[in-house]
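Below: one structure, written as structure tokens.
Letters A, B, C and D mark the chains in the order given here, with residues in each chain numbered from 1 onward.
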Amino acid sequence: MDTIDDFKRDMVSACRILSRKKLVEGFGHVSARIPDSERFLMTPRIGLALVKESDILTLNFKGEVVEGNRQVPSEAWLHTAIMKSKPRVHAITRIHARAANIFSVTERQLEPVHNHGSFFAGGVPVFRRPDLITTEQLGNEVAQALGDAPAILLRGNGQVTVGRTIPEAVMMAIYLEEAAEVLYGALQIGKPIPLTFDESKQRRIEALPPVDLERAWNFFKHQAESNKE
Amino acid sequence: MDTIDDFKRDMVSACRILSRKKLVEGFGHVSARIPDSERFLMTPRIGLALVKESDILTLNFKGEVVEGNRQVPSEAWLHTAIMKSKPRVHAITRIHARAANIFSVTERQLEPVHNHGSFFAGGVPVFRRPDLITTEQLGNEVAQALGDAPAILLRGNGQVTVGRTIPEAVMMAIYLEEAAEVLYGALQIGKPIPLTFDESKQRRIEALPPVDLERAWNFFKHQAESNKE
Amino acid sequence: MDTIDDFKRDMVSACRILSRKKLVEGFGHVSARIPDSERFLMTPRIGLALVKESDILTLNFKGEVVEGNRQVPSEAWLHTAIMKSKPRVHAITRIHARAANIFSVTERQLEPVHNHGSFFAGGVPVFRRPDLITTEQLGNEVAQALGDAPAILLRGNGQVTVGRTIPEAVMMAIYLEEAAEVLYGALQIGKPIPLTFDESKQRRIEALPPVDLERAWNFFKHQAESNKE
Amino acid sequence: MDTIDDFKRDMVSACRILSRKKLVEGFGHVSARIPDSERFLMTPRIGLALVKESDILTLNFKGEVVEGNRQVPSEAWLHTAIMKSKPRVHAITRIHARAANIFSVTERQLEPVHNHGSFFAGGVPVFRRPDLITTEQLGNEVAQALGDAPAILLRGNGQVTVGRTIPEAVMMAIYLEEAAEVLYGALQIGKPIPLTFDESKQRRIEALPPVDLERAWNFFKHQAESNKE
């Protein structure tokens, strides 16, 4: 079973991957639930490329820092509200992906057309208020708008993805941006052919068996660490 | 004459080139026929950036692993079906090129407009089912849809390219994506002028004499190895 | 309190960041006011990627070099006019950002749609004459057209951003290009939803508290220095 | 006065710069006149990223190699015809720039809208035959179509730029692609405002005084050598 040190190590890997993929620059956060507790780990108010394991904070479900010396992010309530209300969620990324952001500032829905987009079948929800999520109430509203989806767009203000594990939340971030980029491109050259409900369902099953999730995670970790390819 | 070790070395170079060109990220595979046999070499179920020569599997035409310890890819049938049915094909790449993928999710045909696109004269075939190619039947259907073409788009699910050698299959992957990018751009600013049948034929002859194939291969290998330029 | 050496060090960091973000290539300049004086520091006529602290010039408000051996930029009047007429401005970047440049050569206004764009609420002013700003009169005209805004587009000729500090002027450069890129993308897929006046005002307050300005600055400095991520 | 060794050294810098800027990948060439002679230097049939000074060939105006052991490019006639017919030209780049290529495969003219594009006022000529330039006659036709312009597009087949010096020919390559990228972008968001004849003339004078040409050349050389920024 994973220890807290394992989670912290994976969170730092997540930070490096999200930076390497340009899904964050100076801002954004990663959090991970401490299983069977009312606590979670969260990166502090520094750029993800710079986060070290020793910087990671522990918060409780009241949004209070219970361990760690670094400054708490202004959007701690976003993570707190999701962790508290959604036991299925064990990890959250708060990112600023470019193509997904573009969809959030138009009425165009982000609907999947390619295989890795199948997780977003039916369209990605959008939280229309452009504020930072700095209060308990705003946190709860985002959590509610997210529902059972793996991702939500915050209008003009980045995205949130969730997963049952840290790698899954990170892959949802990567696939969300991929889905946005492919749909964006398709809209430039013709009429996109969306995945049907059944196609999405089948592709979701195929697209993320544990072995392939681990495969993708290993690749992106390698890429981030070697700063190559 | 090339030995199996030469093929494996070239397969690893192919993996590095495809990664460096972002034609694959975590997924994708490369395979190469063992001449005068009913066997072929194939990369295992790991990201191509990570593949070493010792990881490469040997499969027979029943899709069975006959040598190697790594896990077999879920799409082994795709490679098996093509290798079995098309003696002219000695190498296959299974990639996820972005611009080509965009064409696969609209009704817009990917028709060549630039010189290196001439190999795709008449348009690149599209396999419309978005499933992973995990069965013998699906493998056969893709092989049939490919016909004599050097490439096929799998709807929302990447591409397959083939060649008489490993470098040729890799260059088809690079040129396919180039063809998609140039056509995509042309569609944004006006009416693309396709190569005529005769122009394509002439350009195909000019574009890939062995000396230039080797020239391109050497460049991309250098680029991938030095991680520069 | 910052010394002149501190300013020079931050100017070199600014040069590296702007180069790393491709907001300048061979051209562009950075300047910084020497507080409580009628002088300012300015990079010389060399590419920003190459500027060292010892290259930095000191100019007075007549546009004369009073310290330094390097050649003065042909656009020194641009910086002189702004420094002289706008005491609130302590730092200037003169950049050539691609997406912002595209807006300057059409009638389309660059209006913010995303959070970091809120500084540009109401639209970025455009200076319509495509000349280099090589005279006192042109310098004054640009300063006047800039008004109280944090940025101005020079038609087909790059941009100017200003700030109360060097990091702020640099972040305005980064956010200006981000704003242009997001609006550009939104225009390709639908009707962009601009930030309202009130939304912009609120976001401006949230987007650049000193702690987050420093956070972003630290990240971009790290990125430029490590040439990573 | 420059010696042949100086020219060769600058040609290798040109090769690195064009590779670093992705204006060439596996293909393309650079040539430079040997002053007061009927000879010129030319890169051989290898990727520009790999060219060393010792690889450079000397050709005469009959297209014959008079010095050097490497294989002569199939397009030697292109360079020969321009060198022979245009004494003003001292250097040529043969490149494959992406955005400029896109213009060549539509009827849309590549007309300058931004400052560095001013060299191309009136529009860049296009050679409509998509063949490689492998004969004396084709070489002469391209030379004639080029006329007094600094650049010509070969339909679907890259570009040629010329200059009075190696740095000038390289900067024309960089500015040509910039001009194409800015116009491409402008066409996506509105009606591009072209530079008028007078504006172009003025900007041309301002844009390339020897000091700024050297400044840009130094920057791009630094960038290519350090593989940074």
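Assume contacts are C-beta pairs under 8 Å (C-beta built on N, C-alpha and C of every residue); 3 or more make two chains touch, one makes a residue touch a chain.
Keep in mind it's a predicted model, so treat the numbers as computed, not measured.
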Mutual neighbours - chains that touch subunit A and subunit B alike: none
Chain of greatest Cα-centre distance to subunit D: A
Interface composition of copies subunit B and subunit D: same or different, split at half: different
Centroid spacing, where centroids are CA-atom means, of subunit C and subunit D in whole angstrom: 32
Separation of subunit A from subunit D, taking each centre as the mean of its C-alpha atoms, in whole Å: 45
Interface hub residues of subunit D, defined as touching at least two other chains: 188
Arrangement of touching chains [line / ring / star / complete / other]: ring
Complete list of chain pairs which touch one another: A-B, A-C, B-D, C-D
Subunit B-touching residues of subunit D, taken from the complex the two chains share: 16, 19-20, 22, 25-27, 45-47, 49-50, 71, 74, 98-99, 101-103, 105-108, 130-132, 134, 155-158, 184, 187-188, 224, 227
Of all residues in subunit D, those that touch subunit C in their complex: 113-115, 117, 181-182, 185-186, 188-193, 195, 199, 202-203, 206, 211-212, 215-220, 222-223, 228-229
